[in-house]
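To keep things clear, I will list the structure first and then write my remarks on it.
A, B, C, D, E and F label the chains in the order they appear, each numbered from 1.
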Amino acid sequence: MTAAKRLLVINPNTSKEMTAVIEASVTHSIGLFGGVVEATTVCADQGVASVEGSFDEVVSAYWTVDKVMSMLDDYDGVLVACFSDHASVKALREATHKPVMHIMEAAVLQSLPLGAKFSIVTDSNHWKPLLEEGVQAILGSMERCASVRSSDMTALDTVTLSKEQVLEKLLKASQLAVDQDGAEVILLGCAGMSQMNVAIEQSLGVPVIDAVSAGVLAMVTLLLSNLRTSPLGMYTPLPARPDEVSVPNAGISKAYGRPSK
Amino acid sequence: MTAAKRLLVINPNTSKEMTAVIEASVTHSIGLFGGVVEATTVCADQGVASVEGSFDEVVSAYWTVDKVMSMLDDYDGVLVACFSDHASVKALREATHKPVMHIMEAAVLQSLPLGAKFSIVTDSNHWKPLLEEGVQAILGSMERCASVRSSDMTALDTVTLSKEQVLEKLLKASQLAVDQDGAEVILLGCAGMSQMNVAIEQSLGVPVIDAVSAGVLAMVTLLLSNLRTSPLGMYTPLPARPDEVSVPNAGISKAYGRPSK
Amino acid sequence: MTAAKRLLVINPNTSKEMTAVIEASVTHSIGLFGGVVEATTVCADQGVASVEGSFDEVVSAYWTVDKVMSMLDDYDGVLVACFSDHASVKALREATHKPVMHIMEAAVLQSLPLGAKFSIVTDSNHWKPLLEEGVQAILGSMERCASVRSSDMTALDTVTLSKEQVLEKLLKASQLAVDQDGAEVILLGCAGMSQMNVAIEQSLGVPVIDAVSAGVLAMVTLLLSNLRTSPLGMYTPLPARPDEVSVPNAGISKAYGRPSK
Amino acid sequence: MTAAKRLLVINPNTSKEMTAVIEASVTHSIGLFGGVVEATTVCADQGVASVEGSFDEVVSAYWTVDKVMSMLDDYDGVLVACFSDHASVKALREATHKPVMHIMEAAVLQSLPLGAKFSIVTDSNHWKPLLEEGVQAILGSMERCASVRSSDMTALDTVTLSKEQVLEKLLKASQLAVDQDGAEVILLGCAGMSQMNVAIEQSLGVPVIDAVSAGVLAMVTLLLSNLRTSPLGMYTPLPARPDEVSVPNAGISKAYGRPSK
Amino acid sequence: MTAAKRLLVINPNTSKEMTAVIEASVTHSIGLFGGVVEATTVCADQGVASVEGSFDEVVSAYWTVDKVMSMLDDYDGVLVACFSDHASVKALREATHKPVMHIMEAAVLQSLPLGAKFSIVTDSNHWKPLLEEGVQAILGSMERCASVRSSDMTALDTVTLSKEQVLEKLLKASQLAVDQDGAEVILLGCAGMSQMNVAIEQSLGVPVIDAVSAGVLAMVTLLLSNLRTSPLGMYTPLPARPDEVSVPNAGISKAYGRPSK
Amino acid sequence: MTAAKRLLVINPNTSKEMTAVIEASVTHSIGLFGGVVEATTVCADQGVASVEGSFDEVVSAYWTVDKVMSMLDDYDGVLVACFSDHASVKALREATHKPVMHIMEAAVLQSLPLGAKFSIVTDSNHWKPLLEEGVQAILGSMERCASVRSSDMTALDTVTLSKEQVLEKLLKASQLAVDQDGAEVILLGCAGMSQMNVAIEQSLGVPVIDAVSAGVLAMVTLLLSNLRTSPLGMYTPLPARPDEVSVPNAGISKAYGRPSK
């Protein structure tokens, strides 16, 4: 009997509320598979309380990579629970051949078989161009994306406002995406919106994607397939460079002494 | 205790050899999940022995839809085991809200997290423009696709030539895709190539996707997520039109008496 | 003196009303050339009364191919009178080197010299993503297409509602395309709308394309030029496979015994 | 009995040899229609002996517009016989609602129904980026274009070298387009190559487009359809501005006194 | 001590008012560099009083090239002060290796580091498709362009209406671009709008680009870098062809006797 | 008399050799302007000795932002001297309205007026997909980019190998870009290649861009124009969040206490 695969889920900010929301969705999703994969959810040790833009992402990516590098030996794959094209994912794919995804990529891919056009309901207008760039990176174009719509919140609001307030904002933005942009599927574009998909789906009558759940499911399929990140091109492993390290953090220093994949 | 979900896998041609190859891959992949989903593999009752182009696909799509419509009540989702943008999938998505995919879509989506550029190794040059059009439909662009490469076979050759001959042709085309086109991941572009991925992966050192396996895994995640095809836009359900039927096949006639989703 | 070229026009559904509308437009258009080309208009023997989506198209394509294959020896080219990227056209281009088009392709190409942006006025929202995909296939991008606009009808409505009702719906959608989407040219996106172009053109003051007429004119130019479908790539002729036939229809069976082009 | 429509074909340079080649192709093509359209072929009165690049095109466009404006009242439409996105066409579409095309647009559009990918065989490498830009303007993308290939000539060489020399150069470039670029159809990318298509088609076995012939046929279909250039957007007619004229040429001055369309 | 570089700025129409507006902006911008580059502003000797579309551009390009060719020996680079993809620029890049730009290209490039999406506020709807085509040519896509917005003027209006009237029209269009199209940066799309950027920037709070100033600054950087137009591909210098000249204008005739670059 | 504007140039790694190469190019370029702008060149205090991929970039971006934030009050703009779409730039554009660029963006923009197609000569194959993604982000497409070519070095090699060795590798890759990919302009894709452009330009005869110089020139034009980063959309300033800081670095902590722009 083979041991269960182990998935590491990391919330790339330091918010305990957000981590709890993510962990609840992870627990639910991993439970669907009856134990063939196990999951652990952690958050970054330092950095930002939420990722509200590119400045925060630079800080978040650094501490996310640091945290993951210190735990990576004990896991078979990593899910970064941030709905953005989070820079830690590319970095980690160079550092390990174990599969690594973020929840934005998983959510986009899960939506494609369900309708011709998807819309992302994100927190604020600040994220609109950033997520459009993310879709472009993931699919190579914006053709399948009907729109990115703001719900006029901060990322942190998604876990600090009342659930009713958040749902109302999400419903309003989702409805506009369906009515005005031609969305056939809705993606909830923040980890903090996890497990709100059912209520919105019932109200709108279109499929709604929970990105954390999509991430867990996509990672399970990669782990069970024994698929690894390609060593060519984009994710070429960096050679070990132990003498050059001038990085004071445990996990990142460790990476710099890493052997070639 | 909930009953296991049931997946219907259909080989859209009438070849028993091809069906056997597909069934072996399905059995292996569904087994990874320890029984949470069950799968049945069938083939079309009539039509073509293999799908070698667009003419065959018209015939194949008709008989595939006919077969699936006659069995659909007993299943929770459908996987069409043809590596093409097989027309039966769009048709079935109108006929049912249960999730439906073909293995080309699943293979493309599975490859994206593993490298920046994938190549498809297909049977013949005839398929190159057809599969390029398929990638365009699935992702909305060709940006992520390094190339579609012919391995100079017919689809039927993949199950009638010796395994060594087929492997040699696939390896040659895959190596060219890596060396000349910048492929970081290889997709085996025919159901008949199932389970040859391991040998090629070991030889080339890059991830190689078994499309049937990718299809089973993607369908399992959709079934466990309870996701349904969107009723808006592209897959709007057609209204029942019992009086207009002039179609002499059991399954298709049934569809024309179908209620709205 | 050379004999006149013979064009076969096929309505891919079984509606007699629609066939009559198409035939009237064909007769008018072919008459412009003073007899250098002759045209015959038929409809499918079996299948669907109208093509309202992808399910219908699978059925329609099968019976269209069947009908055309049984008549092809007596004609120099084929026009499929369905405003969609109808799958029968690709199939037939593999089966014969004689030129084959559908009226959507002809209408799009005819509009390009008349303005920078065209809009398609189609029947229902169901067709919007399907026709967008069709434009993508025909031109390789959506850049020249301002929009696809629904006129809130079924395809069958175009020949069963009163002409006034249909015109009113078409005018409303066309006006919106001009005012809100920047359309400079309008395409009537259904065979059933044939010969309504003049009334809309007079009302709106922009060029309006009758797709059936565009199809006849484009086919005439191909026939008079003696141009044939390329035998390379997309439309590679399939080899004869008489022993594998398991198709019970006359025309399609015939195709399977066909010699290489 | 209605009078025949009259087509004006203009060679936008001053070469008598090139004009003769164009006229021969026009005469052949217009003859296919048995007299329903008549054509006259002229060349620019001043300017350049051949259009070898963008500098020449600025000069050529000016004198082409000048010539056409002085003759336009007597014709129903205009074909500019230059295989480039010749600037005179856009200018003339503002000056008249009568249809105007250049032969590049006609050739590209004629090729689309015959294969998935076309290549243009042009004179020199100088034209490669210019014609790629032209395809982008005509179709909105380069997706359908396999390549633009130089045949290592000047435009003038096409009518001053021996026919054998020209054919040899065209055949070599066409063969490379088929073998290395995946071309399924070849476009002869210079008016001076007219009527060489048959020899190349016989040698290569793929369709070869004579751009002048394509231009005549496309113009005939526009003339017989009574289609006019859209007055909105790109080709909005300019208001008459008689007092501002500081242009010493007959035709162009006339344009500045033109009434609104 | 090296002599200052000399920049020739040409207004491609004959309007003295427009030339004065351009010259004021040039003088201001060149003054920022403390004398390292000197600039001279001229206008075309003949042609059109303003460039209101493609017909005017054909006339304008001819006389612009004529004027520049007669003065080119005394300058190190040329700026064409027309906010369009003015055909004279491509022509001049073939005629000289000295750098040549138009102000549209400069304005687009200057805006890119300042925000993710820019909008162009142009004169009239006629320019919308023309400037969209220009952006496509400059950047290779429209992805960075939020919109092209008309301000309901002619080009000539920008220098003949009162400054208040022009500002009001520009502000209204700019505000719509920001509010409805997602513009983060505004480009004033006409030379006649020069130096109105400050007022609009103060009112809207987003960066506003003065295209003439952008042009001067971009040309200064090219001149100081000693960069020259590439002699390969698009701007291949044309060979001297003195015997073929049939062009009666001083500057253009001179070009035809020019030596190879 | 106004004081000179002050430009901060930061080498985002810790290599003193690379910093010296960058500083030499900065000194040369800033000198062209006769003192209207002053420049200071620094490097990151901690992090990586060179940026060889995405992992390094995460580390480099963090320490680059940290360093710049601690110095920003004394400067009018920032140039990040890394030839990649370095994440620090987006972050800094949120943190300040002062203009910020990286040298890749500047080099790409400087090349556009000089030829239709540019190629980037980068260090290694690892960078090819990363820089292609960068071009996509900067221009919105890859249309203007002929290719990204590896010169088979690490980034550090560019300043540790002999100048002859580096030049030979760059020349070889550049020549292939011109001959096989159609490059008309070459971009040297690493800060360590600064000032090698002249030798390559003389050998190849095409314009070669020094990215550091391009960066200095572009920044000078932004500084002299008083242009600021847009506060809308992509670079929306983040609100001050002093209480949430869990970042132990001086400059980054400072950012978290920053006032709104």
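Here, a contact is a pair of C-beta atoms (placed from the backbone, for glycine too) under 8 Å apart; a residue touches a chain by one contact, two chains touch by 3 or more.
If you want to know which protein each chain is, UniProt gives these names: A, B, C, D, E, F = Asp/Glu/hydantoin racemase.
Note that the structure is a prediction, hence the values are computed from the model and not measured.
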In contact with chain D (Asp/Glu/hydantoin racemase) and with chain F (Asp/Glu/hydantoin racemase) at once: which chains are those? Just list them.
-> B, E
Check every other chain and keep only those touching both chain D (Asp/Glu/hydantoin racemase) and chain E (Asp/Glu/hydantoin racemase); list them.
-> C, F
When chain E (Asp/Glu/hydantoin racemase) touches chain F (Asp/Glu/hydantoin racemase), do the two copies use mostly the same residue numbers, with over half shared, or different ones?
-> same
So how far apart, in whole Å, are chain C (Asp/Glu/hydantoin racemase) and chain D (Asp/Glu/hydantoin racemase) when each is placed at the average of its C-alpha atoms?
-> 27
Rounded to the nearest Å, the gap separating the Cα centres of chain B (Asp/Glu/hydantoin racemase) and chain F (Asp/Glu/hydantoin racemase) is 45
Taking each chain's mean CA coordinate, chain B (Asp/Glu/hydantoin racemase) and chain E (Asp/Glu/hydantoin racemase) are separated, in whole Å, by 53
Please list all residues of chain E (Asp/Glu/hydantoin racemase) that touch 2 or more other chains.
-> 116-117, 128-129, 133, 136, 142-143, 182, 184, 232-235
Contacting chain pairs, sorted by label, are A-B, A-C, A-E, A-F, B-C, B-D, B-F, C-D, C-E, D-E, D-F, E-F
Residues of chain C (Asp/Glu/hydantoin racemase) defined as touching chain A (Asp/Glu/hydantoin racemase) within the complex = 128-129, 133, 136, 142
Within the complex, chain B (Asp/Glu/hydantoin racemase) is touched by chain C (Asp/Glu/hydantoin racemase) residues 14, 46-49, 52-59, 61-62, 65, 87-88, 90-95, 124-126, 128-130, 133, 136-137, 232-236, 238, 241, 244, 246-248, 252, 255
Of chain E (Asp/Glu/hydantoin racemase), residues touching chain A (Asp/Glu/hydantoin racemase) in the complex | 116-117, 143, 182, 184
Quick one: which bits of chain A (Asp/Glu/hydantoin racemase) touch chain B (Asp/Glu/hydantoin racemase) in the complex? Just the residue numbers, please.
-> 32-36, 99-101, 105, 109-110, 112-117, 138-145, 178, 182-185, 205-207, 209, 213-214, 217-218, 220-222, 224-225, 227-235
